[in-house]
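Letters A, B and C name the chains as they come in the text, with residue numbers starting at 1 for each one.
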Amino acid sequence: MTEFLDFFGIAVFAISGALVAGRVGFDVFGVLVIALLTALGGGTLRDLILDAHPVAWIENTHYLTVGIVAGLSTFGWVRLRRIPFRVLEVCDAVGLAFFTVAGAQKALSLGHEPEICVLMGMMTGVAGGVLRDVVCNELPLIFHKEIYATAAIVGAISFLLAESWLALGTDIAILIGMLVTLSLRLSGIFFGWSLPVFLKQEGRQRSD
Amino acid sequence: MTEFLDFFGIAVFAISGALVAGRVGFDVFGVLVIALLTALGGGTLRDLILDAHPVAWIENTHYLTVGIVAGLSTFGWVRLRRIPFRVLEVCDAVGLAFFTVAGAQKALSLGHEPEICVLMGMMTGVAGGVLRDVVCNELPLIFHKEIYATAAIVGAISFLLAESWLALGTDIAILIGMLVTLSLRLSGIFFGWSLPVFLKQEGRQRSD
Amino acid sequence: MTEFLDFFGIAVFAISGALVAGRVGFDVFGVLVIALLTALGGGTLRDLILDAHPVAWIENTHYLTVGIVAGLSTFGWVRLRRIPFRVLEVCDAVGLAFFTVAGAQKALSLGHEPEICVLMGMMTGVAGGVLRDVVCNELPLIFHKEIYATAAIVGAISFLLAESWLALGTDIAILIGMLVTLSLRLSGIFFGWSLPVFLKQEGRQRSD
């Protein structure tokens, strides 16, 4: 189940990486590099911090294959027709949901404290996309005002509650965590939901 | 003593992270994420490179608690009143001083060579703030022309000299290292001190 | 042989780091920090992901010395006379060639699968320069439209084919891998060679 989650998460994040890299004008290998960075970055960081060697995609090179195929297919497909910005945001949201829960689940299975699991879940979900945006010199999606880190944190907490407190079984807990993350993030995208921010006005002036 | 240093350093860096994240318009959870990235980033990188597992904040979740409380308090407080830019720079300077010495001390206690200790100290001090600025798409503070990396390097060297060469005892050496780092950095901020640079004019044109 | 490759790669990447850092107006210690980040970043990331501790420059501090000397010499030299942009690009290309092959060779010697070796080679070659450009807030060189990641990937594959398939011996395989990477990248720089990209026009509008 976790492996399937990982494959699916890798595929959608590789697509999102290929879309961003393609948009900023990378060639086919550059697109591939960014697709893999996005797809494998979050999980790699999680495994490094948890000292869970070998890193997932070194132990099982199928991860790599999935990322490469998804990245190249996107590159090929996009050369044929335009892809609206929303597709990128939705792929990113699905990847966020899968990786957040997969990250929290891995930390839990290694016996870490609940707060570490939530943090690891959030980090696994968010890091790949942040790396993608930073390297591509794009304004990070996490930076947008709609619910983003919030979706990952609340989703990871939901997973943990369902797994450890309600004892609903791992598969159902995974499903709940993913649905919570995904619906929060999609609400942010489509309904423009957001939480209170501070000093927005003053902030924009300062950094200009 | 090292633990106290770490707590204090985490608190001031979490505050600086929350200030930057709040200024660019993150919501409350986004602010929390950046506060933790800033507060824990440098130490995490140090522990990964030194292979000192488990990473500090995984072994002792109080680190995490300090960062979360400091980040959320800043978020709450700042919604009430404006905070001048100088507060951010001073928090960052205090965090730089604490983490530089804590990083050098940890490397020394693990038996590494002096040059590795200086580099680890500098890296621990600088990395959290650089990660904060890069993810928030701000011009990195380290990028400003006033003394920055210099303060961390000279401070780490002072700590090492006091500890290993003058044998003044760890506590006094820590104090000396911190005071040197802090006073150099504050001199940079308040008196505009700086070291020679090169090709400034030509440089700015190139990158525009 | 690998050690010599590493020394040479570290020196040219330290020079490229010092050039970028100097151009954006860092002081002497800031230049040193960026020189070391560029020179040691890729190899450090490789060693962390492969769990190959201690990290190369911690085990052998000569690496550090080479980086420091190269960085400081560049700083001193450039204050005397201007350096054309091409010098930076060529240093970066030489570093890319050395580190790509050194990274692939290290992964191979640790017994990893061919696809992991190619990825590790590419990552070792590319990461230092990307870190340099991201921290210095420059448009990453990898981001330029000329062949970049492509050169590293094709070079790493050439090395692996020569070493494992043609069994030409490690030294010759290293030479072949380096020459392939270097000539592809230099062709990109001097002849403007590039591979197809997608959606370039629409992309630039989107990100503005």
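Methods note: a contact is a pair of C-beta atoms (placed from the backbone, for glycine too) under 8 Å apart; a residue touches a chain by one contact, two chains touch by 3 or more.
Remember, predicted model here, so these are calculated numbers, not experimental data.
Simply put, subunit B must spin 120° to overlay its Cα atoms on subunit C, rounded in steps of 5. By the residue-number overlap criterion, the interface of subunit A with subunit C counts as different, with under half of its numbers used by both chains. Annotation: 28 Å between the Cα-based centres of subunit A and subunit C. In subunit B, the positions touching at least two other chains are 48, 134, 139. On subunit C, the positions that touch subunit A within their shared complex are 48-51, 112-113, 115-116, 119, 122, 126, 130, 134, 139-140, 142-143, 145, 147-150, 153-154, 194-200, 202-204, 206-207. Note for the complex: subunit B touches subunit A at residues 22-33, 36, 44, 48, 53-55, 58, 61, 64-65, 75, 78-79, 82, 85, 134-139.
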